[in-house]
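First the structure, which I've put down as structure tokens, then a few questions once you've had a look.
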Amino acid sequence: MMALAETGFDLVLCAMIATTALLAIGVRDQFGAVVLFVVYSVFLGLGWLRLGALDIALAEVALGAGLTGLLLFGAHARLPASVPVPSGRAVWPAACAAGGSGLALGWAFLTLPEPVGLQEAVAANLGTSGVENPVTAVLLNFRSWDTLIESIVLLAALIGVWSVARDDAWGGQPGLRQHARHGGVLANFGRLLPPIGFMIGVYLFWAGSSKPGGAFQAGTVLAAVALVVFMGGAMRPPLVTARWLRLVCVAGPAVFLAVGLTGAASGVFLGLRPDLAKPLILAIEAVLTFSIAASLALSVIGPPEDPEDHV
Amino acid sequence: MKKHAASARRVIFFLVLWFVLSEGEALLVGAAAVPAASWLSLRLLPATRPIHLLPLLAMTPNFLWRSLLGGLDVGRRALDPRMPINPGWIRLPVDLPDGGRVALGGELSLMPGTLAAGTDRGRLLVHVLDKDQDHARMIRIEERRLGSVSG
Amino acid sequence: MADVVTYFMTALGLGFYLAGTVAVIRFPDTYSRLHALTKADNVGLGFLIVGIAFQADSWMVVARLALVWGLALMAAGITAQLIARTALQRQSP
Amino acid sequence: MTSWLISLAVLLLLSLGGALWRVWRGPEPADRMIAAQLIGTGGVGIVLLLAAATDWSMIDVALVLALLAAVAAVAFAKAQSADSVGDPEEE
């Protein structure tokens, strides 16, 4: 009976995920596509839960339904009201290319040898990793390469975003000037929600060492919280030239690299001594959380745009 | 002195929040997070008028009951084949501070038949599902209740 | 006994969710649909959470569930006002 | 109990299909957003049902989903204002 209910749930969920994806592609309205993308992330998050991947479910819900939605809403607001939707013949080559690459990927997946799985190897070495959450153990110890490079990618993305700023606006506050009615609904919510969201973000960082959570999930939540503070008009984002801001963005990857180099001095680059692994991982994660939060928030809010904003 | 009391209340709120989130563990992380969140909260929303806990507790059962009625009301109208709705707008002046007005708007949005859309020139804009009902009287009562919570 | 409460409360919660969805599909205008979102859905979530709380194995879990509900209630009250005002502004510029 | 909770989650998921129709259909941006928020609240409900059925630590996902659904509503209101960084309540 239980297996039947679970299979039913999985089947319905798969159908919902596929339907939402098709609707997002097929809908004629730009805004509709944005909303469907956000909804898609909610269903996908449920899918990750069913696969037992709570860490990824958290990341999916925070990044997909939250931060990317925010980015896309802003992007949609700036598009001209009527962008011509390609129709008729123009659609077919694109559809064929997409369908072809989908089939090729499916074929490649099916011809791959059966994955051996690394769960056993991770479980066997979890004791030396310094943390109890196997995902964090992989991300910050066994395969910290990936995480280090990801954090550098985020920094590079921010530099990319900033590099498209107009010369006369550079040096000002990022994005357009946000404003809200004094004492209005938006302004009040922008002052009520952030401290609570901040606590949830810090909790996710702390949770990462023993259960699902970690720097990326926490950083995403904190970035969303910072954006609410700015959007509610409660505080203005710092100047892009502020030294402390750049320090916060760079600190995560820098500390990560520094710890990696001390590992190299004793034999293995990015290797952590088992007896020091726990404090080192916590230190890296703490700094990384704030770097990720700052880089994400600044990337979403965009480069400085208003030459009048020079202070 | 009043200011210290307000700050203490925020600290207690975030302490409880951290306790629930971390299940009573990680006091060290909490020791850093609670002051930070309290500072942020006081910076964003300075405590001008204290919130009185007793009137707030006193109005909770009524709030829960009326939001249950709100859910029943919408459900009844949606499932009725004739779908009896007669929507319209009312505007009425509200004598509450900014935060109180937003809270009243949120509360009304969860209660039967009313939905707030912010204020317009000092008057609360309320959408009603049935414009023949006397919503204004009910809103006055809620306004008075909320007024006693803060101030 | 706890199980009976869970069966009853969660079923009730689902009923409110279903009514909310029917209202969002059937109601003729944006504002009326918004009534359905804030009222029926949050009552649904409330009953669901009360029902689930009777299965909790510790008070900590109950407190966490209450936290989710509190956050959802606060968000619903604000979200409703924001969306209503947005629709109003678009309708009469 | 587990099969009851998961069966309820299936029904809740199916009802979200109705909301999905409203997202697709619109017609106003606010209508799509209302339906998306409905799917958000429904998603919180489903996560909690799954949490009760399988693993209580899933509540964290519900918490983050509830928080970020509210953030998305703020972003929606901002993006629909006259200059896309304002507040629809401004006169």
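General observations
So that you can tell them apart, the chains are marked A, B, C and D in the order they are listed, and the count of residues begins at 1 in each.
Please note the rule applied: a contact is a pair of C-beta atoms (placed from the backbone, for glycine too) under 8 Å apart; a residue touches a chain by one contact, two chains touch by 3 or more.
All figures in this text were calculated on a predicted structure; none of them were measured in a lab.
A comparison of C-alpha centroids places D closest to the centre of the full protein.
Comparing mean CA positions across the assembly, the chain most remote from chain A is B. Computed centre separation for the pair chain A/chain B is 32 angstrom, with centres defined by C-alpha atoms. Per-chain Cα centroids separate chain C from chain D by 10 Å. If you average the CA atoms of chain B and of chain C, the two centres end up 15 Å from each other. Centre to centre, using the average C-alpha position, chain B and chain D are separated by 21 Å. Contacts with at least two other chains are made by residues 16, 29, 33, 35, 63, 67, 69-70, 74, 76-77, 80, 88-89, 91 of chain D. Of all residues in chain A, those touching 2 or more other chains are 184-190, 192-193, 196, 200, listed in ascending order.
Counting partner chains per residue, chain C has residues 20, 22, 34, 42, 44, 64, 67, 71, 74, 76, 78, 81-82, 84-85, 88 touching two or more of them. Across the interface of their complex, chain B is touched by residues 182-185, 187-192, 194-196, 198-200, 202-203, 205-206, 229, 234-235 of chain A. Note for the complex: chain C touches chain B at residues 15-16, 19-20, 22-23, 26-29, 31-32, 34-36, 38-40, 42-44, 46, 60, 63-64, 67, 73-74, 76-78, 80-81, 84-85, 88. Residue ranges of chain A in contact with chain D, taken from their complex: 1-2, 4-6, 8-9, 12-13, 16, 19-20, 23, 27, 29, 31-32, 35-36, 38-39, 42-43, 45-46, 49-50, 54, 57-58, 61-62, 65-67, 69-70, 73-74, 76-78, 175-181, 184-187, 189-190, 193, 196-197, 200, 204, 207, 211-213, 217, 221, 224-225, 227-228, 231-233. In the complex of the two chains, the chain D residues touching chain C come out as 1, 4-5, 8, 11-12, 15-16, 18-19, 21-22, 28-31, 33-35, 37-38, 41-42, 44-45, 48-49, 51-52, 56, 59, 62-63, 66-67, 69-70, 73-74, 76-77, 80-82, 88-89. Against chain D, the residues of chain C that register as touching in their complex are 3, 6-7, 10-11, 13-14, 17-18, 20-22, 24-25, 30, 33-34, 37, 41-42, 44-45, 48-49, 52, 55-57, 61, 64-65, 67-68, 71-72, 74-76, 78-79, 82-90.
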